[in-house]
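One structure follows; several queries about it will come next.
Letters A, B, C, D, E and F name the chains as they come in the text, with residue numbers starting at 1 for each one.
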Amino acid sequence: MISRDELSEIRDNGLWKQNSSLVQILGLCPLLAVTTNVVNGVMLSLATIIVMAIANVAVASLRNLIPHEIRIPVFILIVAALVTVVDLLFNAQLHELYLVLGIFIPLIVTNCIVLARVEAFANKNPPLQAAFDGVFMGVGMLWTLALLGGLRELIGGGTLFSGIDMVFPGLQPLQLLPADYPGLLLAMLPPGAFILLGCLIAWKNWVEARAAARHSGQRSLPTPPAPLTDHA
Amino acid sequence: MITALAIMALGAIVLGAALGYASIRFKVEGDPLVEKIEAILPQTQCGQCGYPGCKPYAAAISAGEADINLCPPGGMDGVRKLADLLGREVKPLEAEEKPKQIAIIDEQTCIGCTLCIQACPVDAILGAAKQMHTIIEPLCTGCELCVKPCPVECISMQPIAENIDNWKWKYPVFEIKRAA
Amino acid sequence: MMAWSTPPYLLADVSVRRVMLQVLVALLPGIAAYVWLIGPSILVQLVIATLAALLGEAVMLRLRRRPLLLFLTDGSAIVSAWLIALAFPPLSPWWLTVVGVLFAIVIAKHLYGGLGQNPFNPAMIAFAACIVSFPALMSQWPALGLKLSLAEQFEIIAGLAPRIDAMSGATPLDALKTALKLGEGAVDVPTLLANQDVFGNFAGRGWEWVSVGYLLGGLWLWQRKIITWQTPVAFVGGLTLLAAILWAWNPQQFASPLFHLFSGGSLLGAFFIVTDPVSGSTTFRGKLIFGFLAGAIAYVIRVFGGYPDGVAFAVLLMNLCVPLIDMYTQPPIFGMKNPK
Amino acid sequence: MTHYLFLLVGAVLVNNVVLVKILGLCPFMGVSKKLETAFGMGAATTFVLTVATGASYIIDHYLLLPFGLEYLRTLSFIVTIAAIVQLTEMVIQKTSPLLHQVLGIYLPLITTNCAVLGVPLLNIANRHDFVESLLFGAGSAVGFSFVLVLFAGIRERVEGADVPLHFRGAAIAMVTAGLMSLAFMGFAGLDRYQ
Amino acid sequence: MTPPVKTPTAPVMALRTAVILLIFVIAFTSLLAAAHLWTRPAIEEAAAAEKMKLIGEVLPPGLYDNDLLADSRRLAPAAGLGLEEESTAYLARKGGRASALVFEAAAADGYAGRIRLLLAVAVDGTLLGVRVTQHKETPGLGDYIEPRKDRNKERPWIRQFDGLSLAAVGDRAWRVRKDGGRFDAVAGATVTPRAVIKAVHRALQYVAENRQQLFTADGAGK
Amino acid sequence: MLAQLFRFKGGVKPQTNKTISVQEPIAQAPLPARLFVPLHQSIGGAPNPLVQAGDTVRKGQLIGGADAWVSAAVHAPTSGRVLAVEEHVAAHPSGLPTLSVVIEPDGRDEWIERRPVDHQSLPPERVRELLRDAGVVGLGGAAFPSHAKLTPARSVAMEQLVINGAECEPFMTCDDMLMRERADEIVRGIAIFRELLAAREVLIGIEDNKQEAIAAMHEAVLRLAPDYRVVAVPTRYPAGGAKQLIRVLTGKEVPASRRSTELGVQCFNVATVYTAYRALACGEPVLSRIVTLTGNVERPRNWEVSLGTPMREVVALARPRADTGSFLMGGPMMGFEIPDLDAPVVKATNCIIAASPGLFPPPPPEMPCIRCGACAEVCPHELQPFELYWFSRARNFGKTQEYYIFDCIECGCCSYVCPSHIPLVQYFRFAKSEIWAREREKQAADAAKERFELRNARAEREQAEKAERLARAASARTSEKKAPPERTNAVDSPPAAAAGEPAAAAATDADAIRKAAIAAAMARARAQRELAQPKNTDRLSAEQEREIAAVEARRGAQPATPEATAGAAGSGAPAGPQRGE
C-alpha cells in the first residue's frame, strides 16, 4: 500500500517543498485572481482539491489503458469532466460564491498544477499515492491562497473573512483594523497580488535558507545569478 | 442526454482519428537537444555524473531522467548554461567545485604497468610497457580516472599552475567600507 | 602597494552625489514658484518625504548589509523623495507621502538592488500606487485662493485639522476633464477656460508659473550636461503633437497644446522624470522613442483615460519597454557605420 | 469599425489578459527568462488562441447552444483545444523543423494556459459575435505576447541586478509583474467607448 | 518510452485512437449528463432565489403576491432607460392588480463606464428602491453607490431615492447638493452620483410617459 | 601645410603634466650590475633561448631567436656573461615570472660586428626578416612585431602611412623628446617603412601641445623628405590610439574586426621607426629604449635605458620622493601598477611614473552604475560601456560580445568620467580574459571529445576484431566435428552456443570494465563529496557570505595573487602563495 515514509514525503512535497504556488510557480491564475479575500481563496482551493484528488486517482487507475499519443487529451477530458461536475455543484449549492468566482471554476481545467500533477505523478504512481498527492498538493495550494487572501484583505481593507456570509450565512467578517483605516486598495488589485506573492516566495526562500543553515547537510542558498561581491 | 453523447462522440471520433493518424504520419526521430546539451558538457568523460561519459549524461538530461547539476567538472557555470538552455531553475552543484587540475606521474616511482593508459579516456598518457609513463599536459582533462588504477600510487592531481599565458584579469572588487 | 590597482589612475572630478545635488538645485526654481503661488505646505511635504526616504533607505541598506553612509549620502533617494512630494497634492496627509516614499524606496528601488538597478522610476511607482490606492486623497488639490496659514496647512497635513471641502478644488486638468465629461458636449473648452477660476492665462492660475520654474531648472540641468536634450524634447514633442492635432481638429472639445504643456506634470516630467537615467533609455534613438511615446501616452491617458494626469503611467509604461528599445537602438560602433 | 478598434485595443492593453484579467500567468512566469523564448511562446500562443476562439465559437454556437448543452462547454472547448495543440505540434514538427525549433517546445505548454480556455469563456460571457470573438481572441493573444516579451526584456536586465538574496528568481519576477500591472492600470478607462 | 511494438499503419492507428477516445468521451459525457440532470433543479432554484433576492432589495415583500419571475416582460431599448438592448421587467401584483414595476436602467456616464441599476416603481410613480447591479467605478471612491461598499452603513447613499417621486421632487432638485440639488454626495467623487441621479430621474420620466403600457396587465407582452 | 582634419567621437582631456619631464635632454642610464632580459617581449611566439648559463655574450648578440613569423628576436643589451636562463619576475600586471636571460655586464660594452645594410638594395622580404631579427617591435605600447605589420594588403593599394607621434597619455614624454632630438633618424626610418608598404602618402601626427617636437620634425622633413606631412592634431586623449589617429588624419575608421591595411593605411610609432632605422642603417638591434621617469620624483627626465635593467635601479635615477607609494609602468590612463620593482625594463616600457596618493588620489568607492551615459559619450569606439559593464558584472559574456567588447581598446576614458567611479576597464579586461579562457577550454573540450571518440572507436574495433577472431576459432571448432570434449568442458559451455557467446561475452566484458571504471569514479566522487561536505555546511550562511566576500576583497586588492579559489570554496587549505605582499 503506502508506507509512512512515502506518505510523509508526499505530504512535505505538497505542503512545502514542492509547494505549487511558492516553488513550482504553477496555478498562478486562481492564486492571484480570486484571492481578494480568504473565503474565495479557500473555496476555490477546495474545489481544486476535489478535482485534483479524483483526477489523480482516475488517471493513476487508468494509466495503463491510455495510449501515449492521446494521453494529454484524455487527461484533460477527465479533468474537464470533473471540473464541470464541481462547477455544477457550486452553481447549485453556493450560487452567490459561484457568481463571484466566475470563470475561475471552469478554469481549474487549465490550472497548470492539476495537469502537472496528473502528468508528473499520477501517470507514474498507483492510485492511493496519487490520491494523497492530489490532496496534499491541493492543501499546499489552499494555505497559500488563504494566506495571500488574508494578507490582501487585511492590507486592502482591514477586514478578514469578508464574504464568509456567502458560505455560512450566519457568520460576519472580522474588522481587524480600526474602521478609519484608509485601506491600501492596491493590495486588492492585481499589482498588489503580484507583489505580495513575490514577498511570500521570498519569505519561503528565507525560511528555507534559515532551515538549511540550522540543519547541516543541505545547502539551499540559491546560487546568486549575479555576483554581488562588489559591495562586501 | 442522447444529443450530448452523440455530439461528443462525433467530436471524439474526429479528433481521435486525426490525432492517431498524425501520430504515425508525422513521427520524427532523433533529438537535437541531446547534442545541444552535450556541447555544454566539458567532455572530460570522467563519469562523476554517474553516467559513462558526457554523451550518456546528456541523453539522460534530455530524457528528463537526470538533474542538471551533476557534472562537477562543468562547475556552476555549466549548470547555469544548462538551466538556460532547458529553461530550468539553477541549482547548486551536487559536489564541490574544484579548480582545474591535471594529473602528474611521479616518474621515479612509475613501474610502467600501462594500467593508467587503459584508464585514460582521452589518450593523454604516453608510455609503453615497463617504461616510464608521462602525461601529455595539454591533453589531460583532469578526470582523475587514471589515479585509482595505478598500483604504486604514483599519479597525483595538481592544480594547473598560473602563468603569464593563462593568467586572467580578476573580477574587480572594491572595499567600500574603506570610504564609508 | 597602494590602495588602487586598476587604471586609469586619473579620474575626473565627478560623482553621483554631485549629479544628484545638481538635480536638487535645479528643482529649486520650481519649488520657489510653488511656495510663492500655492503655499508653503509643499516645504513641509518635502521635509516629510526626505525624512521618509532616508529612513527607508537606511533600513533597507541595513537589511541588505550594504554600506550605509555611502548610499545615504548619494542623494538619489532625496531626488526621488522630492519628486514624489512635488507630484503629490500639497496638502496630502503626512502618511500618504510617507507611504508613497516608502513604496518607492523599498519596493521599486531596493528590491531591485538599490541605486541604479531599478527598472521602474521609483517616484512614478509611488505616484501610481497612491493614485490607485487613494484616488480621493490624490485628487484633492487646494483650491486656488484658498488662504491658509502655514500652521493651518501643517495641521491639515498632520491630520490634526479636518480636511475641508474647499480643498478639493481640482487641478486644471482634472477640472477640465470633469467639466467636459459632465457637459457631454454642451460645454466647450474656450468658455470653460474663460470662466473657471482654476484656469489661468494658458494653463491655470499659478500652476503655469511653477511649470516655468521647472523649465528653467531643466534648462540649467541640460546646460550642466546632467541631462541630454533628446528625452525632454521628444516628450514635449509627443505631447504637443497629439494635443495640436486634436486641438486643430476640434478646439471646442480639446484644449490647446500650450495648456497641456504647462499643466499637470508635463514640464516636471519632461525635465526631471523622463530624464531619470536609471530607468530610461540610454541610446540616442532610444531616448527619442522613449520620450516621444511617453509624451503621447501621457496625453492619451490624460484626455481619454481614467486618470487626471498620465505622466506617471506613461513613464512607467515606457520603463517597461526600455530593455527592448535599448536593445534595438544600439548605435553603430566605431568603424561599423558604413562598412566599405 | 471604431467599435472593433476599441475592442482590439481593449483586449491588448486595457484589459490585458495577463496583467488585468490575470490569465495565463504560468507561461508568463515560466517562459519569460529569455527574450528568444518569450518571442517563441508569444507566437505559438497567438496562433493557438486565435484558432481556439474561432473553434470554440463554432462549437458553442452550432453544437452546444442549439441543443441546450451549455454544461458541456468546458469539456468540449478544452478537449478541442488540446487536440488542436497536439495536432499543430505534430504537423509542425514534421513539416517545418525550423518552425518547430522556434515554437515546438512551447506548444504542449499552451494546453494548460488559462488564457486559452479563459478567453473563449469570456467571449461567451460578453456575448461576442464571431468576428468579435476572433478579434478578442487575437487581441488577447497579442496582449499576452506583448507583455511576455516586455517582461522577458526586463527580466534579462534584472538578472544582472544586485537583488536581495531571497528575492532572486521568481520572487523579484513577481514583484516586477506587479509593477508592470500597476503601469498597465494607467490604461484604465481607455476602452469606455466600447 | 513507447514500448517497442511494431508501429501500426496510420489508418489503423487513427481508428484505434478514435475508438479509445470515443470510449473515454462517452464515459465522461455520460457522467456529466447525469450530473447535469441531477443538479439542474437546484441550479435553477438558486438562480431564481438570487434574482428574487435582488428584487427583494428594491421591492418591499408586502407589495406583491404573484410569482414575479413568471410575470416578466421584455422592454424594448429606450433612451429613457439608457439601454441599447432589450431588458426584462417584472410586474408586481397584489390581488391581481398591478402594484409596482421592477426594471433595469443604466447610466452611461459614470466615472468609468456604464452603471447598471435595478429600480422598483410603484403604480403611483413613487420610487420604491434603487440598487446598483453592475458598475466599474473606482473602488474606494465612486463605489459608495453600492450599499455593501458604502461606509455609511446606517443610511447608505443609494437609499436616498427611496420614496421619492417626480411629483415630490422638482426637476431642478434632481441634482447633487453641490450643483444645487437635494442629493448628498461624497466630496471629491461627485461624478458617479451625478450619473446615477440623472439615470434615475430619466427612468422615472420614462415610466411616467409609458405608464399605461407598462402597468397594464400584459402591456408589452411576455 | 594645412591638412583637413577629421574628428573622432569621444575622448577626454585630463591634465597632461608633460612639461616637468621635458626640461632636460635624454640621458644615458648607467648599466646595472645585472640585466634580466625576458625572452618574450613582444606579442606572438616566445623566442627560443640561444644561450646557456656560463656563455659569454657581446652587445647585440642574438640570445633569443624568433619562434614564428609573428615573434621578434631578443639580443644581449651589453657584453658580459650569462649567469642563468631562468624564470624572473616580468614587467606584467600579474607579477608572474617569465623565462629570462640573466646577464652580468663586463663593463666593456663590446659590440658584435655591426652590419649596416641599404634597405633599397634588398628585396622587401629580406628587409622584414632583418627587422624581425633585429627585434624591432612596436614601441607605442603594444609591442607587436613591426615586420608583421609591414606587409601591404594584396587587394587594396596602400594609401597612407601614419606615423604616430601623438603621445596622448599624460606624463609621458619619451616620444616627444625623441622627436625633438632625433628627428632626422625618424624621418629616415619612415622612408624604410614607406618603401616596404609602398604607401602613397606619409602623415606624421603630433598632438598640438608638443610645439617643439612639431617644429623639429617639420624641419627634418623639409630637409630630408619634403613630401611627408607633419600634422598637428588636437590634444585630446586618446588621439594617439592608432585607430583614432588614423581617423583624425585620414577619416578612415578601422573596426576591430578588420586590419588597417585592408583600408589602405598603416600606423607606426615614432620610436618604432627610429629603431628600425638604427637596425638597418647602423646594424644595431633594439637594445635600449627611451623611458620617461616622472611623477612624484625629484628629477623627472627621459633616460635611454638598456633593456633588462631592473626597474628598481631605473627608478632610483629619478629620486622618487618619500611619499611615493608605488610605480606605474605606462601612462596613468592605460598603464599598470608595477607589482615588483625587480621586474626589468622591456621594449614596452615607455614610462615609469612614481605614484603618490597626492598625485593620483585613490579612487572613491565604486557605486552602482546609474546609466548616466557619460561613459558612452566619451568612448572613442562609440561603445556602450555601461552595457558592457552590466553584462560583465553579471558574467553574461555572450552579451558582452554582442555589445562588441573586443572593440574596446581599454583606453580608460569611460572609467575616467564615470561618476560612480566604476573601474570599467577592469571589468572589461576580466570579461575578455574569461572569454579567452573559455575559448581555450572549449577547444580543449572539443579535442578531448574527439580523442575520446577515437579511442572508443579503436576499442570497438579491437573488440570486434577479437570477437571475430574468437568466432572464427569457434566456428572452426564446431566444424571440427570430432572436437575433444575436454576442451569444451574447459570453456564450460556447450559447443553449440559458443558461436554467439564469445562476442557477447567480449561485449559484456568491455561493458563491465567500463562500468567498473564508472562505478569507481562515482564511488570516488561520492567519497569526495562526503569529505567536502561537513567542511562546507557546518557554517552559517552569513558567515560564509562574509568569508567569500573577504576572499574576494583580498583577491581584488592583489591582482598578483594567484587565484585563491581553493580558499573561497572552503577547502580549508591555505590559499596559495601570497606573492606580492
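In the analysis below, contacts are C-beta pairs under 8 Å (C-beta built on N, C-alpha and C of every residue); 3 or more make two chains touch, one makes a residue touch a chain.
Bear in mind the structure is a predicted one, so any value in this text is a computation, not a measurement.
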Quiz prompt | Shortest walk length in steps over touching chains, subunit A through to subunit C | solution = 1
Quiz item: Whose Cα centre is nearest the centre of all Cα atoms in view?
Solution: D
Practice problem: Could you compare the number of C-beta pairs in contact for C-D with that for C-F and name the larger? | Solution: C-F
Quiz item: Based on CA centres, what chain would you say lies at the far end from subunit F?
Solution: E
Self-check item: Centre-to-centre distance between subunit C and subunit B (centres being mean Cα positions), rounded to whole Å
Solution: 52
Self-check item: subunit A-subunit E separation of Cα centroids, rounded to whole Å
Solution: 33
Self-check item: Whole-Å separation of chain centres (CA-atom averages), subunit A against subunit F
Solution: 58
Quiz prompt | Where subunit E and subunit F are represented by their mean Cα positions, the distance between them in whole Å | solution = 80
Exercise. For subunit C, write out the residues touching at least two other chains, lowest number first.
Key: 3, 6, 67, 70, 107, 111, 113-114, 117, 129, 132-134, 306
Practice problem: Can you tell me which residues of subunit B touch two or more of the remaining chains? | Solution: 4, 8, 11-12, 15-16, 18-20, 23, 25, 27, 171-180
Quiz prompt | Set of subunit A residues in contact with two or more other chains | solution = 69-70, 73, 77, 80-81, 84, 88, 183, 185-186, 189, 191, 195, 198, 209, 219, 221-222, 225-232
Practice problem: Within their complex, state which residues of subunit D touch subunit F. | Solution: 157, 159-160, 162
Quiz item: Mind pulling up the subunit F residues that touch subunit C in the complex?
Solution: 8-9, 12, 14-15, 170, 243, 247, 253-258, 263, 325-326, 328, 330, 332-337, 339, 355, 357, 360-365, 367-374, 376, 380-384, 386-387, 403-404, 407, 412, 415-421, 423, 425-426, 556-559, 580
Quiz item: Where on subunit E is subunit D touching in the complex?
Solution: 25, 28-29, 32, 36, 112-113
Practice problem: Sort out for me which residues of subunit E touch subunit C in the complex. | Solution: 109, 111-112, 138, 140-141, 186-189, 191, 194
Quiz item: What part of subunit C is in contact with subunit A in the complex they form?
Solution: 66-67, 99, 107, 111, 113, 129, 132-134, 137
